[in-house]
Amino acid sequence: MPLLIDRRTFIKLSMIGATGLVAGCSVDERTKEQLVGLYGGSGNRVHPYVNQPDGLQDGVPQWYATTCTMCSAGCGLVVRTLGGRAVKVEGNPNHPINLGASCARAQASLQTLYNPDRLRFPKQRSSRGGDALYTSWDSSMAAIASQMSSHHGRIAVLTDAVAYGQSPVFHQALERFARLTGASAHSFGLMDGAPWRAAASSVYGQSGMPYHKIDEADYLLAFNANFLEAWPSPVMYGHLFGEFRQGARRAAGQHGRFVFIGPRMSMTAAKADRWLPCRAGTEGAVALGILGLLGAGGIPVNEASLISEVSVSDMTSVARDFAAAGKRAVALGGDGSSALPNASETLAAIESLNAHVGSPLAGVAAAESPVRVAHLKDIQSLQADMAAGKIDVLLIVGQPNPVFSLPQSSGFAQALARVPFIAALSPFEDETTELADLICPTRTSLEEWMDNAPLVSSPGTQVSSIIQPVIDPSFIMDDRSDSAKPWMDTRPILDILADLTPRSANSGAPMDGLSTLRASWADKGEADLKLQAQDDSAWLDTVGKGGFWTSSAAKPEGANLIPPSHYQGQRPTPQGSFTMIAYPQLYWSGGRHSNLPWLQEITDPMTAAVWNSWVEINQEVANTLDINTGDIVRLTSAQGSIELPALPYPAIHPEALGVPIGQGHTLYGRTAQGRGGNPLSIADLNSDPVTGAWAYGLSTVRLEKVRSAESGFRTDINTLVTMNDIPGGREPDAIKGLIHETAVEKRAALSQKAK
Amino acid sequence: MGDMTQKSEDINKDLTRGVLQTTRSWWMCFLFFGTVLAWGTGCFVWQLVHGIDVYGMERPNYWGAPIINFVYWAGVALSGTMISAILRLLHAGWRRSITRMTETLTVCALLVAGLFPIIHLGRNWVFFWLVPYPNERGLWPNYKSPLLWDATAISVYLVSSVLFWYSGLIPDFAVLRDRTTGWRHELYSMLALKWKGSDREWKRLRGVSAILTVMIIPVFVSLHTIVGWDFGMSIVPGWHESIFAPYFVCGALYSGAGAVLVIMCLVRRAYHLEKYILPKHFDNVAKIVMTIGLLWFYFFAGDAWSDWFTEDPTHINWLVYLFGGYKWALITLAFFGMLVPLVTLPFKRLRTSPWAMLAVGVSVNIAMFTERIIVVVPEASRSWLAWGDYTPTWVDVSITIGAFGLFGFLYTLLSKFIPLVSLWEFKEGEVVDAVVTVGNAQVPVTVREEAIG
Amino acid sequence: MLDTEHFFDNPSDIVESDEVASSLRTIMIRPGVRRRGLLFFTTLLCSVLVIAAGVVVWFWGYPAQRNNPGFWHFSLISMLFWLSVTQGMVAVSAILRLAHASWRYMLNRVADVASLFGFWVFAILPFLVVARGRIYVLGASAHSNNVWRTAGSMLFDSLAIGTAYLAGWMLLYLTSIPDFGALRDKLPADSKKQHFYRRIALSWQGAAKQWRTLRLAEGVMVFGVIVSFVASQTVQGWDFQLASARDWDSSIFAPLYTVGSLLGGLALTALVATATSHAAKLPNLVTSLHYDNLGRFMIGLGLVWFYFRWCDYLTAWYGNIPEEWALQNNRVTAFPILAAVMVIGCFVVPVFGNMFRAIRTSPVGLCTISVCVLIGLAVQRFLDTVPTFAPNYPLSALIPSAATILVFAGLSGMFVLTYLVAARYFPVVSWWGLSKRLSRMHESTLGNGSVDVMLEDPPIWET
Amino acid sequence: MALKARTQEYLKQAGKPADQSGVAASVRTSSDRKWGMVIDLDRCTGCHACEAACSAENNIPVVGAEQCHKGHAHQWIRVERYWEGNYPNVKARFMPILCQQCGNAPCEPVCPVYATYHNPEGLNVMVYNRCVGTRYCGNNCPYEVRMFNWTEPAWETPLDQQLNPDVTVRGKGVMEKCTFCVQRIRRAEEQADADGRDLEPDEFTTACAQACPPKAIVFGDVNDKRWSVNKKREDPRRFTLLEELGTEPSVVYLKALDDEA
């Protein structure tokens, strides 16, 4: 029988071979379709056309106006939703704070809404420290209500100063809840406005957040003021800074000068024409020195120079230019200088520079009615009550997360253990909710009704913006389980508070968020706001526009001039130790947003590091201590010690170590856990004498090298990943000297063109 | 003429021993290369599933082990043509006993080289989009891309070298057909295309091999010119050199000739062909290695020099990186590629000893593999605006070893089916190089083959 | 017909046979030049040309043309052309010796004499190399690409070019010692010339041991010639040609100019060999076998030359970097005819012309091809450097003027004069080479077929 | 800047390079629109808002710390920070680098499957499902702005809800780069056609330009003088990146100004 393989078997053989190859590496097309989820909900379930979310039309995007609560600036947002899914966040073009722009955190707010580590159902923890089991909403609300009714008068509420601190309607609801249940209300957030308000009242006579119209300034003097990064209103100041550099004032061709005095070159300082490094914590001395030179109080300049290591000649040249710029000169304090042991004194000195020049560009926009106490004083009073056993029920609202944000040695966790019943209402589980008995999932700002008053706004504009749900969270389906079950069951905070407020007292109180909001806007002082809330169509317009803002001519108030003339701030650090500057990184907002994947992967502006935190050490100091990039070093302070990868930094004062705040979570979801170290856990607990605000920006630490960096990547040994295009971040040769031009060259070019 | 037939019978027996008897050591070799090949294929499937991330490549240097292997194996594939085509054109009689061996080396190396453009793709399962097949969307591949020139050059060279190899094999298949039974007989009679050895057939075979000899030379040069232009056509500072085409051709010849030395020694030892592959052959191939080595060094120095010469930092960064981070590659290249051949090749005693030449062949190939690393990696690591590095991972290494495994597997497999020294060419050589006694002087008379063309 | 019985008993007997002796005699006894006739006329013409060029350059060039780079550039290019072609001839003869080609004997001496052109070069080149700095500052690029980035260019260029010529001279002298010996014996005793030849013949007796040392020396010098030739052409390729090409540092220029000068050398060898065989009235000095092999060699070199040229052009075209592409584009679009002449001269004619056996083996055919090749190479030198001056100078200033053509003619005259002067003092056609060729290569009948019997010399390194 | 001046003068004298790019002349810039962008480095504060907006708009996957360590990050626009000088007089410059949509792109001729080609509106368009992943375009791009999908991108539930349906999700083995938010261009053009009108100046912009707080990035149609991008292109501070390579980038940068005096 001839061995020839006949044609048919040959084809069969080759088919088997071919399919083998294809099967091995075929990409399951189905999963790709599932990912995109063409129509409502997720996965391959097409929503029955019958019960569509309101106004849903296939392929036509719906835009909803709301406000960003990722920081206290309160920028107006417009969210694009398609098929009941929030797809993109954009700035609200007519919102006066951000004029259509948005920062990285606003874009990442979508990832708080759709975060895989969100709390999905209420959890009950049988014993403190045991693992939590899912329970139903009704049982958990009943448990809280019963606890509160049985312990009237011994209840405390700890709210989140950032997420809800700027919302008047929340304050009203909370204050009514506290009055009716006899609870003491406390709020906690890392960055504190108290020193600003104290300085403003001492210089301008009004207690409120000062504003600085830098777009009309010609000379900008910043004292460790990172106004473009984390606080107080990065997008507004970003826009103003854009105008300062290339706006209407610059059409005349004269370049606005920006000088930054601070221990560390932050992203904002990088944009300065001149960066004057000063010893950490001594910004106040420099301000007072310049005041002395301008002949308005202050301290003698050589003493200031001795304290701050800023040379006398630099200070005199700055003072001369500042005076020369006259009414167009603005001095600016910021998050760096408001986190010092002498924060109020420093800020007062800075604002009195403005007052001395009498510049109309600085002042206080709107006096704040309730004078709020500093966060640290507030939380320490709560801790004292708890330690003394006066609190039986603690209600934690939002994500204040004091266990993470306060040093271990502050004893807050031990005080918590003394409270018999703790309930937490938060969208995420974090270090503090770990110690709670009952955790109920609340909604993020993109899913609930709220309003917002921005922390800082330009003078003469009163802004009250609205937060509205952009999607119906029940349409987020759990496509792993076959039955069409929503992925999570959350409730808005206003509804929870309304439920927990004893109903017997005032029947007919508004039950859900929207009605509470309209009720609170109805009884607001201003007439037109009242009108908005009552008339339905006017209300819909306001919600559609994203809020209500009026602007009137700013009346410049007189500044009474009592210039400070003494300095009790930071003295030179003891030999052999460093000053740790814990600065709020612009993405992680003090640890709150380090669970968002985008904010971990986008490189840090100055160090280009990702997915980790670091210690910035002066280049020469690092060379002497033989520390290279990525070596693991240990920082030990009186409060404790942390280990971090070192990063020799070309622009930081030799005695200072810059550590970003935000990483080092032990329990905060898969994205944030186990990355880098938390400087707040070892920060000294000293506070500003005038207001009691926490001076987390300055602590004395000792530095020693633990081990040198290993090649290759291992999460357990904290590998530092930096994404510099050229190692060392130097300018590539191909574009050496191409991307910037000195003013001298520009003037020469202009005059040459004119000839 | 009596002793002639007896001698040809001995030749037949010697040369077909490899084909007819399967020794234990052959099986060991076959299984060893089979396992290495299986390990390499396993890694390729692992890369299919996990994507190109398993290699050590990153943003500025996108090409790594697969391309380095591709250039290396395409280089080794050039050796066969050089030995059989060019030396036939130059009437070098001594090439007869090693032509078959080197042409098999070419075919196997080319099959390995042809695989790598598929392995290095990001989406390997759609490699057929590179082939210009008519499709309803009217999409044709972009013939301005050097990668398409590559695909064409390899397929043309594969077809022509297989043709060249097969046309020389037909008479030997006929010999084997008459000496085997059973399925081998079926196989060889199918392969021998009813070859009877008539004069008309020999004349036609000589015509075919003459044409192929002349036509394969431009294909052989164009293959490695185009592989060189893969890099020469890009504007990456280190690669944008006009010397890359001849530089790659010389590099290919150099490593090809080295591979020929290696194969000659191993096959001679494996099949006991001491009588057929004489020290004279090692001597001549070694001389080829030396001349081409000097030529390759001239082009290598020209390439590096012309970048240093520009004094433009963007062009010099890769050289700084070569002398810095990649110094190990430069030292291996200098030692194995320049020092070892320069020290051993000038001496006749070393040139004629097979084992010394095996060592030189291996060292030349190590050097040329490192030289491919030097050509591919440092330049791409120092681009205009971004610098990077390429650290090979275990997948890179096992793909490389898998390639050697595949080559070994194919070579041992083929050596089972074809005699590694071409019977008829060798016998033809015996007749031509007879010694004639004229008067009382013994005169070595070479009947020169009629000049081609 | 030669009687073949004793053919191999004693090869040197062949020399005595009448046919060989007659042709030798014509060369040996009358090395000098008679008053009238073609040789005298050419000597006169060439010396006039050389003197005219010298006068023009010295009295008009220096003062008037100080700031005209065009004039100086052309003289430099013509000098470089002749320099590279003469070195090419020496290298071709060295390659033939190395490759142990059996037909090389006749061409070796003819080609080696070209190295004497070195004397002219040593005289003129220093002036031009000094001017080079000024030419290229005025001309193409602000900073001329000097291959010796750090050291001065003049020293290293002259060093490289000088060694190439020195090696050529040594090879020439060594291989002509047997001829000097023969002259010493043939000339009347103790005449002034005889003393001269006795001294430079270094007591050459023609003993077998002396032949063996001569062959060993020849082997070593061949290697020296090739290496120094490649070095000299590399330097010329990069330093002179690229000096004016701004920012297009094509690394292919070194091999391109090496192959170019080999091609030129080959062409010029063919021309000079034919001319010598006519002048010495020796019809079988250069047979069709020589022309055939020269033709094939020229096909190979023509192909390689075009391959390098195409690499250069394609890399610039594909890279599409404006500076580089503008230069290449400028070469082709600004001077289309010259580009065509270059490609046809250096590629189409030698490769496709030589493919036909009829053309290749006929002296007229090969000589016309050689002339085309030389024209192509001269144009290539012009085309590679002048367009780069384009941005600074109007093209009109760069068209060769009468003065520059005279300089080129002067240089050609120098080349021809070298041969004529050399012919006075020693046989331009090597005596022992001729005898070797006649004795070694012969048709002899073996049985009923005629077989080219060739006594193979053992390769040089096996002496 | 000697190099740039020489190129200018060279091009002027030697005539423009022959018009050959990756695409037949007939296809190139036949439509009247040409999209361009201006990035004012004096305004740019380096806050990476553009990077976040781009990731949200174009479904850019998050690859994690290990992939970043291996250099496999995916940012289509990256804001580079260049250090200059040493302590204490040290400067840091911010430089947003994205695909320059070159008029004469080096990545187009080298792609073997036409996965990247030049569309009539002057964009260097990436056809994702045509790409076989030879990565030659990545090698040949001098700006290093082409990002490769080394592994299969993954979004855990419910992060996949955020994916923008207008932009394809790329699988592993495909090269991707900034497309000037081509989905926004198409949507605006379709909207204009539906309303039967031409595109109004500054009617839409890219995600990064819309998010940028200091308004450093301005996008628009370079051929239509009414768009605000054209006024900015005439600013004397203008320069383009790696212009000497002849890539004709359509992104114009404006120099930052230092006033140390």
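First chain written, first letter: the chains are A, B, C and D, and each begins at residue 1.
As a working rule, contacts are C-beta pairs under 8 Å (C-beta built on N, C-alpha and C of every residue); 3 or more make two chains touch, one makes a residue touch a chain.
The structure displayed is predicted, hence computed values, not measured ones.
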Centrality ranking, top chain (CA atoms only): D
Between C-D and A-D, the pair with more C-beta contacts: A-D
Euclidean distance of C-alpha centroids - chain A vs chain C, Å: 81
Averaged-CA centre spacing for the pair chain D and chain A, given as whole angstrom: 30
Centroid distance [mean C-alpha coordinates] between chain D and chain C, Å: 57
Length of the line joining the C-alpha centres of chain B and chain D, rounded to whole Å: 44
Where chain B touches two or more other chains, by residue: 124, 233, 235, 384-386
Sequence positions of chain A contacting 2 or more other chains: 725, 732, 734-735
Chain C, residues touching no fewer than two other chains: 247, 318-321
Chain-chain contacts as defined at top: A-B, A-D, B-C, B-D, C-D
Chain A - residues contacting chain D, complex: 27, 32, 35-38, 42, 59, 82-83, 85-91, 98, 100-108, 110-111, 113-116, 228-229, 234-235, 238-239, 241-242, 245-246, 255, 257, 265, 267-268, 270-271, 273-275, 277, 476, 478-480, 487, 586-587, 597-603, 605-606, 608, 610-612, 618-620, 650-652, 654, 675, 713, 715, 719, 721, 723-725, 728-732, 734-735, 737-744, 746, 749-750, 753
Touching residues (chain side chain D, partner chain B) in the complex: 22, 67, 70-73, 80, 97, 106, 109-114, 130-136, 138-140, 142-144, 147-152, 171-175, 241-242, 245
Footprint of chain B on chain C - complex, ascending: 5, 8-9, 145, 147, 149, 230, 234, 238, 247, 249-252, 254-255, 307-308, 311-312, 314-316, 318-321, 446, 451-453, 456
Of chain D, residues touching chain A in the complex: 1, 40-43, 45-49, 51-53, 55-57, 62-66, 68-70, 73, 75, 78-88, 90-95, 142, 144, 155-165, 169, 171, 207, 210-216, 236-237, 239, 241-242, 253, 255-261
Touch list for chain C against partner chain D, complex: 142, 246-247, 317-323, 325-327, 329-330, 333, 390-391
